[in-house]
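Residue numbering begins at 1 within each chain, and the chains themselves are lettered A, B, C and D in the order written.
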Amino acid sequence: MAYIEQHSAGLSAPVKVGLIGSGWMGAFHAESIARRVPGAVLAAIADPNVESAQALAQSLGTAKVTADAADILADPEIDAVVIASPARFHSALITQAAAAGKHVFCEKPAGQGLDELDAALAAVEKAGVHFQIGFNRRYADDFQAAKKDLAAGIAGQPQLLRSLTRDPGNGSIPNAARVPAWTVFLETLIHDFDTLNWFNEGAEPVEVYAVADALVEPKLRDQGFLDTAVVTIRYSNGAIAVAEANFSALYGYDIRGEVFGSKGMVQAGRATETAARRYTAEGLSADTPRLNVELFRQAYTDELADFAATVRAQRDGTPPPSGAFTLTPGAADARRALAMALACIESVKQGGPVAVAAAPVALRDDARAGV
Amino acid sequence: MAYIEQHSAGLSAPVKVGLIGSGWMGAFHAESIARRVPGAVLAAIADPNVESAQALAQSLGTAKVTADAADILADPEIDAVVIASPARFHSALITQAAAAGKHVFCEKPAGQGLDELDAALAAVEKAGVHFQIGFNRRYADDFQAAKKDLAAGIAGQPQLLRSLTRDPGNGSIPNAARVPAWTVFLETLIHDFDTLNWFNEGAEPVEVYAVADALVEPKLRDQGFLDTAVVTIRYSNGAIAVAEANFSALYGYDIRGEVFGSKGMVQAGRATETAARRYTAEGLSADTPRLNVELFRQAYTDELADFAATVRAQRDGTPPPSGAFTLTPGAADARRALAMALACIESVKQGGPVAVAAAPVALRDDARAGV
Amino acid sequence: MAYIEQHSAGLSAPVKVGLIGSGWMGAFHAESIARRVPGAVLAAIADPNVESAQALAQSLGTAKVTADAADILADPEIDAVVIASPARFHSALITQAAAAGKHVFCEKPAGQGLDELDAALAAVEKAGVHFQIGFNRRYADDFQAAKKDLAAGIAGQPQLLRSLTRDPGNGSIPNAARVPAWTVFLETLIHDFDTLNWFNEGAEPVEVYAVADALVEPKLRDQGFLDTAVVTIRYSNGAIAVAEANFSALYGYDIRGEVFGSKGMVQAGRATETAARRYTAEGLSADTPRLNVELFRQAYTDELADFAATVRAQRDGTPPPSGAFTLTPGAADARRALAMALACIESVKQGGPVAVAAAPVALRDDARAGV
Amino acid sequence: MAYIEQHSAGLSAPVKVGLIGSGWMGAFHAESIARRVPGAVLAAIADPNVESAQALAQSLGTAKVTADAADILADPEIDAVVIASPARFHSALITQAAAAGKHVFCEKPAGQGLDELDAALAAVEKAGVHFQIGFNRRYADDFQAAKKDLAAGIAGQPQLLRSLTRDPGNGSIPNAARVPAWTVFLETLIHDFDTLNWFNEGAEPVEVYAVADALVEPKLRDQGFLDTAVVTIRYSNGAIAVAEANFSALYGYDIRGEVFGSKGMVQAGRATETAARRYTAEGLSADTPRLNVELFRQAYTDELADFAATVRAQRDGTPPPSGAFTLTPGAADARRALAMALACIESVKQGGPVAVAAAPVALRDDARAGV
């Protein structure tokens, strides 16, 4: 006997992804695409720090490296880009990528101001490319389970919501984390805002009241770097939400979400690293999650897998993947969360509640158009 | 052989307690004193609704009943009173009881305004009687365990705190619960304020921002009855706290506390009625606590046992019971929590943050005097 | 105004209880009766160690003490006895108490041999007195919740059961605990046997296979003292159960029960002392239950409250307290569990499975008569 | 600017894997290798049911298919095989693959008799190829965390162990699962035996006592198919273990492990599908794990990743991956677990305890040689 050779002509070509930015998060996304995301290949890497890009490319067997993102945007072989540069370049890169006809996955925040973001999202709209923002928590198994229950009406009409982020730390703030000054709102709580918006789907955030302080490193207060914040949010459906963040949880990475409503409550958030437990003379103990890329490993893979599958379907003209509830965070979600973060900064400056800027009509998502 | 008769001459006489108010809470306290609190006897019951008092007295074997609390205050056999009348009478009753030389246990709130409360507490101070306020959560085993950890520095310097109360309900507000209009702050969140103050001992509440609405029964909004509230509190040590309440949790009685600080986090709050679990085709399930007198049965007994033991020690000139941390909620605690509730009402009216009124110097407790 | 004097003529007199045995467990029961059990008074204490009895009596304000249990049995004022003497006297004391017309609460085991126990239970039957055995776990809130679910058919037909006891320790066996040699079966696992029988109500234990060893203190092996045991039990309905015990859990007191059946599983057992949790640089931790009288404080109170209420009803000719499922452990339960313990001892000696001795027809309880 | 082309010459070639058996488990392994295991490619598939192999190959883009496993064994491009055929062919295939110089990953059990397995493992030893058995539970995150704690001495000297498997079902046994008759020991409990051996590393299983019955489908009892079993195991270090299995848990897939020892206890086993919780009028609820390939998805990937990495290191002459404790289940583990399963079958037949057959000296692993 001998082998019967197979021909897999029917299989669609994988999505060719260009990575822009090979820093810590970019490198992790690169590894996900190269090793864990079915149907995608990492085709090229751009970073002004070309040594960083080269090292990453070699470790993953990626052929093409460049210091200039424009090379990737001009490359006809590239289907889509993953933007993981510093946030101040995000809106401009989205605009350029869309103009070049590339599908876009962008790390959060999609911009640092509403004008630049609205321009970028208008370019996406005009080009008709697929846009996804890196709100990875939506892909965590427990947050998805909670969302599924909410979509099924388990909690009824939402009345009280909570989302919190506590980053791991040891009581100090690393230098790199201190930029920009408003990190706690623009980079951290923006995740919680999206979670709350997603959990309270159909309602719009109307007003925020934010309190923030430098409690982890009080000496940074004068530099305007705030490491702790609590935000109260009023929604158009009356629901009241609280988002909370702190940059130094000695026990690790603590991410939780909770929705209480007219029929009950759903909660997401993993308190321990695994299901293992130990009992000793000191009592019960268990390990806590320590690293976002461990806690959300599956979520980081799945958000890119969703992106790749959607891009592939759009490219091939096949039906997109679908589900029982809104999963993919898109343009309107990116815009809504950024508007909240910016309103929070204003609230801290003013010491009182501030209205959340409404999105241009074109950017409102369908689900909320009817509200 | 035959019995050797024992003489228990050395045992101190039990504390004779007079109950003022035989409503739902008063009746429960009466039963605790009569059946579950060692070293105390229920000697008399006063209630303008004398039939209610008589029925309670007969079921518990209590001899003396009166429609007029003054009879109890004038009775030389009575050591102490438990005030469980409607809240609008609390401050006046405290004042009269102290003047009559009776030790006082008063249900929360100790008053409805700071002037009447300050007068009452001044009377207590002048008379030298013992005063305890009914913040029973301090006696719940999990809240005590959390407090013990906090006193031991497990969480380090507090940065973020949370306390919440969700009363059981079925989506509507009973008529009796609608008085007074500001119940959510004066009767409910006042518990959470005390929990937060106790957990953040040594710091003073400085400012509150309160949001409240009628989400359970929107039609009561026009009557000014608000059933849902979220309060942000700034403390003198920089810590930021959130207190949250809702009057209709379909899953029962949900009481939680959480302190996050420079070294970690402690949490209190019981999610299930017992440790029993069931696994069926529908998945995992368990019963939730349904009734405050079930969830806090031990706490309600223990707060009265603490009161009785302290009164007995003061009466007998023996050392009071002591512990590793501040347990008994007293005059300063009652005053501090009420000031917060009143500031919240003002905050809702104004739509912005409001300062918490400082207590008269005489009412500040020792632990904080040095802060 | 003045007091209206109440006459509680309608209240039935409390049950007068005589305690036999003032050791550790007896003293705890005495305190429960004197302070925590409604409708019962501790009227007399008997112990050959009369100083022990006197000290206990004085601390609780009990008048009558004797060295001779016969004084209590001859006392016409005594309604009922609580037997907390060493186990070797249990059956004889039950027999004598029943003959004297006293209702009997007896600590486990009710005897150390089937002949003496059958004689004692026949005396109980003949005298028509109420008999209860100290299987307190039935009164623990989580075990009751599990039983309630089982009675409702939540788990379906039982197939696999588990009950375990791990006593707190520090790696050694106290001298007092080493008597009798077969303590692990007669004093400890007898609780688990009752739990399994109760959970698998309607079926009879048919055969046991026991493995036991001295793993905590291997040097006691030669003295025949075994501190660790695992028992496999076959039931008449096909269900297979495992009971497990060890005398030195460094993390405290670990008591669990589990029933798996054709429709699901129910579990009982409390892993932590309270619901409080702490999160530190070392991860999650919580205190574990350390003392049986803490873990089962409510259960110890409630079993005596059940006893007192039943005796009172029987004495007064009123209907006994009732519930949705069999709660009170009685004569047949005491007998069934002892037969299992004795079969286990035989199994260890023989190194193979051993049949469980069936009870005399008169001792089989109603629920199983129809099986 | 333009791309800088990268040359990844330094990267070692991936391991080329041939799959033998494209049934349910084989197909899942194929998908893991093709999509989720870094450093491995699925090069060929063999199955007598060639249509099944072809369908699988096409869906994964695998080129070579054959009805005859010999083609794979003769293919010089193939580095290693994954054996997922029916168990009755396992030992023979191991023998042939080793003789052909292929590294071997074999699904459990590695054989159905000790003679055939000893011959196969001798062939492995002689050929010097790497051998791994599919005890995937070792790779589950919670089981690894527990093992890590055990290796660190957290539980001290093991005294009591427990491992259980409850397969999901709906109260009946699918036809396919009824072969072989002793499935409960040979296919299911063999996992638990390995878990217990691994957790109690350094000790040998000495004797087993097994009870088994047809409780899920009593009508299969006469055909000799038993769906429920409980096994008591004595180890050479005195520890007593219990393994338990049932084929129809209506609540899903329930896998747990527990070790109690002189210093404490460690537990593994995941009770819920995710960390999400819901609270409704019915109380607390959560979803339970339903499918082994969901519960153990990461474990199934990681066992093959370990295999691929080890094979690659052996092929390339680089150091093998190493860790703090024994992870990879090898020849001695496969043999030890099978000997226990066979002893259980004998125990059920005899109705008493049976000794576990010791392995040939050559097959004892290093760690235990010194015991």
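The rule is short, and it goes like this: a residue touches a chain if its C-beta (ideal position, glycine included) is under 8 Å from a C-beta of that chain, and two chains touch if they have at least 3 such contacts.
Just so we're clear, the structure is a prediction, and the values are computed from it rather than from any experiment.
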Looking at A-C and C-D, which pair shares more C-beta contacts?
C-D
Looking at CA centres, what chain is most distant from chain A?
C
Taking the mean of the CA coordinates per chain, how far is chain B from chain C in Å?
37
Could you tell me the distance, in whole angstrom, between the mean C-alpha positions of chain A and chain C?
57
Using mean C-alpha positions as chain centres, tell me how far chain C is from chain D in Å, no decimals.
43
Junction residues of chain B, two or more chains touched
249-251, 254, 263-265, 271, 273, 277, 279-281, 287
Any idea which chain B residues touch chain A in the complex?
156-157, 159-160, 166, 171, 209, 211, 213, 215-216, 218, 228, 230, 232, 234, 238-240, 242, 244, 246, 248-251, 254, 260, 262-265, 351-353
Okay, in this complex, where on chain C does chain A touch?
249-252, 254, 271-273, 277, 279-288
Which residues of chain A touch chain D in their complex?
1-6, 8, 10-11, 35-36, 38, 44, 50, 54, 57-58, 61-68, 70-71, 75, 141-146, 149, 154-155, 263-271, 273-281, 287
